[in-house]
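Lettered A, B, C, D and E in written order, each chain numbered from 1.
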Amino acid sequence: MNFSFDVIWHNLPYMLAAARWTLLISVGGMAISLVWGVFLCAARISRGPFLSRIAALYISFFRGVPLLVQLLIFYYMLPHVGLDLPAVAAAILAVGMCSAAYTAEILRGALQTIPRGQTEAALALGIPTLSLWRRILVPQAIRIGLPSLTNELILLVKVSSLASVVGIGELTRISQNITGETYRPLEIYVAAAAIYFLINVILSALGRLAENRLLVG
Amino acid sequence: MGDITTEQPIIEIRNLSKHFDDFEALRDITLDVHRSEVLCLIGPSGSGKSTLLRCINFLEAYDGGEVRLEGELIGWKSAGAPPRKPLSGEALRRQRQHIGMVFQQFNLWPHLTALENVAEALIHVKGLPKAEAMTKARAALAKVNLSDKEANFPANLSGGQQQRVAIARAIAMEPSVMLFDEPTSALDPELVGEVLGVMKQMAAEGMTMVVVTHEMGFAAHVADRVAFLEGGRLVTCAPPADIFGREPDDPRVNAFLKTYRERNVV
Amino acid sequence: QADMLSDIKAKGKIVAATEMHYAPFDILKDGEYQGICHDLFVEVAKELGVEAEFLDLPWQSILPGLEAGKFDFVNAPVTITAERMSRYNFTLPIGNATVALAKKAGDDSIAKPEDIAGKAVGSQKGSAQLEQLKAFSASLATPADVREYVNIDEALADLAAGRIQAVANSAPLMGYAAVQRPGLFEMVMPPFGEPKYFGWVAPGGEDAKTLIAAINDALIKMHEDGRLQAINEKWLGSNPDLPTTMPDVK
Amino acid sequence: MELDLFVRYGPALLSGFGVTILCWIVGSLGGLVLGFALACLYRFGPRPLRWLIQAYVEVIRGTPFMIQLFILYFGGPHFGLLLTPVQAGIASFIIYGSPYFAEIFRSGFNAIPKGQIEAARCVGLSEGRILFRIILPQMLVPTTAPLTNFFIILTKETAILSVVTVPELLYETQTMASETFTFVEPFLVLSLFYWLMVIGTSWLGDKVERRVTRHLRRA
Amino acid sequence: MGDITTEQPIIEIRNLSKHFDDFEALRDITLDVHRSEVLCLIGPSGSGKSTLLRCINFLEAYDGGEVRLEGELIGWKSAGAPPRKPLSGEALRRQRQHIGMVFQQFNLWPHLTALENVAEALIHVKGLPKAEAMTKARAALAKVNLSDKEANFPANLSGGQQQRVAIARAIAMEPSVMLFDEPTSALDPELVGEVLGVMKQMAAEGMTMVVVTHEMGFAAHVADRVAFLEGGRLVTCAPPADIFGREPDDPRVNAFLKTYRERNVV
C-alpha cells in the first residue's frame, strides 16, 4: 500500500479551514446543550406534572428522531412556517437542542446520587431553588456525570458533521470532497480523524482536569 | 404545660400524625413550644423524634393535624382534613427561614469547605455581601471551636468536627427557632460543654430551641421542659426536675431512664 | 405566476447547488470548487447576465433543498432518465454518462467489458449506470456479482482492497480515477451499454421552463463558439461529442 | 404516499431492520461488556495498564466511527484482514462503543461513597463480590440514564454501516429512495424504525432505573 | 500496662504515626491490646481516635511504625522505614476477616435492606448457606432489638436503627477483634444499656474490643482500660478507676472530664 503523506500535506490547509466550522458548531452546540440541558433536567424532575411531561416528551422526541431529520426540519421545514434561519444558526441550534436531551438525562442520573439530606439541608436554611441548583446540585451532578458529559460533548463534535446537509463545508464534508478528487480516501480520512482526535483530546483533557478539581470535595 | 408564659406559643402542634406507608411514625401529637423556651425531646430510638422535628419545618409532609409557627400554618395551604394542598415553594421557603435545623446526619455539602458550608446561606438567603458573610461564618465556626479547619472539606473532618460545622451553619443564620437533632452525639464531653454554652447563650438572647437528645445529663441541664416520646406518641412533657427526679410517675419513663442512672452514678 | 428566470435576473444572481464530489464534473481541489460543471455553469451565468453562486450539499439534501427553494438550480451532473424527467426539468446534456469500467491496474484478466463475467463488480446505488451494468451483466453467459455502494468512493476503495475486481460508473469519472491513481486503477475500454447523458436540473413545473430554455440557449451558443469543447478538452483530454437536442430517453 | 411502494420494498426494509438490530444489539452489548472490563481494569489495574487504557479510550473515542470502520474494512485487507461487511460492522461497533461505556462506568465508580467500600472490605468481602454486589448496583443509579443515552446513539450509528455495504436499514431505504425517486416515504419509514428502537431502549432503561433506585424512593 | 495478662497482646501498636498531607493526625502511638480486653479510646474531637481505629485495620495506610495482629504486621509487606510495599488485596482481606468494625458514620449499604446488610458477609465471606445466614442475621438483629425493621432500606430507618444495623452487621461475623467507633452515639440510654449488655457478653466470650466513645459513663462501665488521646498523641492509658477517679494525675484529662462530671452529677 502506498500511503501518501503528500496528499495529506497538500490538503491539510483546506481541512483545517473546514475544521473551523466544525469547531464553531461544536462550541455553539455545547453551550446550548449544557445550559438548556440543565433546565430540561430541572423540568424533567420537577414536581409539576405538566412541566415534567413536556420535558419527557422533548427528550423522547430529540432522542428518538435522527439528528439528520432534525436538521432537515430546522433548515428546510422551518422556512415554511416563516422562520428562515441561516444555515450555521440552524446547525448550531439543532445540534445543541438535540444534545441537550442527552445532557438532561445524564444530569438526571447523576442527581439521583446526591443524598436527599443535602437538599433538605438547603431547604431548611431557606436557600432559593435557583441557588440550590446552581450551588449545590449542579456542581455535584456535573462532578458525577463529567465522564458521561465529556462523552456527550465528544459525540456532539462528531455529529456536527451532519451540518453538511444544510450546506456547511465542515471537516467531514470537505474530506469527502477531497477524496472525490484525489481518490485517496484512506489518507484523507486518517488526516480528518487526526483533526477530530485533536479537538476531542483537548475536550477530554479539559474534562479530566475539571473532574480532578471537582473530585477534591 | 403552658406554665412558662401566657402569651401565644411560638410553635403550636395539634393532633399531628405522620405515616410512612402503613407505619405510623407519629400519632396525635399535641405540644406547644413557647418563645425562648428550650424543649428537649427524648425517647427510645425509632420513637419518632427526628420525624417530629422534620414535620415542624415540613421536611416531612405530615398527614394529619397542624403545625403552626407564630400562628401560621406550616406547609399546607389550609388546615382541615386531607387532601390538602401544599404551599408553594416560595411561601414554604419564607417560613423555613425562621426555622434553623441541625440534622442528625449533619447533611453537609461535600463539595464545599467548612467555611463555604456556613457562608452559603448567608450569601444566598440573607443576601450578605461575600466579605461580610465570610466574617460572619468565621465567627460562627469560632463559636464551635473550629477556626483551624475552615478550609477542610467535610470528608476530611472528624465526626465531631462535621457536627460542629453543621451547628455553625444553622446558628449563623440566627433563626427564631432552632431544631437540633442530637447536636452533640459525636462530641466529646468537653465540647458538649462548649456547645451547651453556645446554646445557653442563644437561649438567653431569646431563641427558641427544640432539641432531640439522648444525653440525659444534657437534657436535665439545659431544658426548660422535656418531652418524652415513645412509639410515635407523646407520653409526657414536663420540667426536667419532674422527669429526672428520683422516681417519675410514668413507669415507662422510669424504665427508660433506669440504665442511664445506673451507669452515670459511678 | 412566478417566473424563475425573471426572479433570478431581478436578483442578479443564480444559486446553484451541487455535490462537489463527482470528478471531473464537480470537484473540490485546493479548497476551490472546480470541474466541468463549474466552468460550464460560470459561462452559462455570464450568458444569462447574472452572477453564479455555488452551494455544496450532500446528495440526500439536494433535491429536498431544491423543492424547499433554498437554491434555484442543481448544476450537478444528473443522468437523464425518463423517470427523473417526469419529476424535474432537465437541461440539454452537459456530459457523457455512458457506463464504463475501471479495474485494478495490471489486472490482465479483464481486457474488455465482457470479461467481468462471474467477477465481483461494484457500482453506485441508485445510479443510472448501475442499471446499465445490471442489464449488461444479465446479458453475459455467467452474470457478474454486482455489489451496490452508497458512494462510488467506497466502491473504488473496495477495488483497491481487492474485494471486487471492477467498478462501473460513468466513463468520465472512471477515466479521471485512472488518471489520478495511475498505479492503482486502470480504465477498461470501451464504454458499454446504451449511450447516456448528464444534464442539469431545475425544479419541476412551469415556473422553471423559461429558465431551462435560457440555459439551453446558452449551452447551444457555447457549442457553437467552441467554449464547451474547450472546457471538455481541458478536463477530459477529449471531446465527448454531446448532442444539441434533448436525447430520447426510455 | 404510494402504498404499493411498501408492498414492493417491505421485505427488503424488514430484512434491513433485522440486520440493523443484529449489528446494534451484538455490537453494543459487546461494547458494554468490553467497556465495563476496561473501566474495571482502569480502576484496579497497575499504572501502565491504566495509561494504555486511557490512550485507547482517547483514540477510539476521539475519532469518528465512520473512519474507524473505513480503516478496518478498507485498510484491513492491506494487512491481510479480510472481513465481511457484517463482521467488520459488528467488530467496529464493539470497538467504537467500548470507550464510551468505559467512561460511563468510570463515572459510576466515582459516585460510590468510599465508606461503603471500606465497610465491605472490613467484613472481608472479596473485591469481585464488592464490585458486583456493592458497587455495580449502585453504580447503575447515575449511569443507567447515560447508558440508555448511548444505546440510543448507537442505534443511529448503525446507519454508517451502509458505507461498507452492510445491508442494514439505511442501505435498504436508500435503495428504495434511489430506485423509486421518492424521498419522503423511505425516510419516514427509516425514522419510524429508529424511533421504535429508541422507545424500546428508553422503556428498558426506565425499568432498570426503577429497579436500581428502589432504595431511594421514600414512603 | 500489661497488667492484665502476660501472654502476647493480640494487637500491638508500635510508634504509629499518620499524616494527612502536612497535618499530623497520629504521632508515635505505642499501645497494646490484650486478648478479651475491652479498651476504650477517649479524647477530644479531632484527636485521632477514628484514625487510630482505621489504622488498625489498615483503612488508613499508616506511614510510620507498626500495627500487629497476633504478631503479624498489618497492611505492609515488611516492617521498617518507608517506603514500604502494601500487602496484596487478598492478604489484607484475610487479615481483616479477623477484625470487625462499626463505623462512626455506619456506612450501611443503601441498596440492601437491613437484613441483607447483615447477611451479605455471612453468605459470601463465611460461606454459609443462604437460609442459615438469614437465621443468623435475624438473630443478630434481634440482639440489637431490630427484628421489626429487617425489611427496611437504611434510608427508611431512624439514626439509632441504622447504627444498630451496623453493629449487628459486625457482630454477626464473630471476628476475634472488634473496633467500635462511637457505637452508641445515636442510641438512647435504654438501648445503650442493651448494646452494653451485648458487648459485655461478647467480651465474656473472649472477644477483644477497642471502643471509641464519648460517653464517659459507658467507658467507666465497660472498659478494662481507658486510653486518652489528644492532638494525635496517647496521653495516658490506665484502668477506668484511675481515669475517672476524683482527680486523675493528668491535668489535661482532668480538664477534659470536668464538664462531664458537672453535668452528670445532677
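Annotations
Rule of thumb we're sticking to: a contact is a pair of C-beta atoms (placed from the backbone, for glycine too) under 8 Å apart; a residue touches a chain by one contact, two chains touch by 3 or more.
Going by UniProt, the chains are A, D = Amino acid ABC transporter permease; B, E = Amino acid ABC transporter ATP-binding protein.
All figures in this text were calculated on a predicted structure; none of them were measured in a lab.
Among the remaining chains, E is positioned farthest from chain A, on the basis of C-alpha centroids.
Set against the C-alpha centre of chain B, every other chain centre is closer than that of C.
Computed from the mean C-alpha positions, the centre of chain D lies at a distance of 46 Å from the centre of chain E. In whole angstrom, the spacing between the mean C-alpha positions of chain A and chain D is 18. Centres computed as Cα averages put chain A at a distance of 37 Å from chain C. The distance from the centre of chain C to the centre of chain E, each centre being the mean of the chain's C-alpha atoms, comes to 83 Å.
Shared interface positions of chain E, defined as residues touching 2 or more other chains, are 105, 155-156. Shared interface positions of chain D, i.e. residues touching 2 or more other chains, are given as 70, 74-75, 78, 138, 216, 218-219. In chain A, the positions touching at least two other chains are 116, 143, 185-186.
Against chain E, the residues of chain D that register as touching in their complex are 113, 115-116, 118-127, 129, 133-134, 137-138, 212, 214-216, 218-219. Partner chain D is touched in their complex by these residues of chain E: 57, 59, 89, 92-94, 96-97, 99-101, 103, 105, 107-112, 120-121, 124-125, 153-156, 169-170, 173.
Chain C meets chain D in the complex at residues 60, 63-64, 83-84, 87, 125-127, 147-151, 154, 157-158, 160-163. Within the complex formed with chain C, the chain A residues making contact are 2, 10-11, 13-14, 17, 72, 75-77, 79-80, 164-167, 169, 173-174, 176-186.
For chain B in complex with chain E, the touching residues are 20, 42-46, 49-51, 104-105, 149, 156-161, 164, 181-182, 185-193, 196, 214, 216-218, 220-221, 244, 255-260, 262-264, 266.
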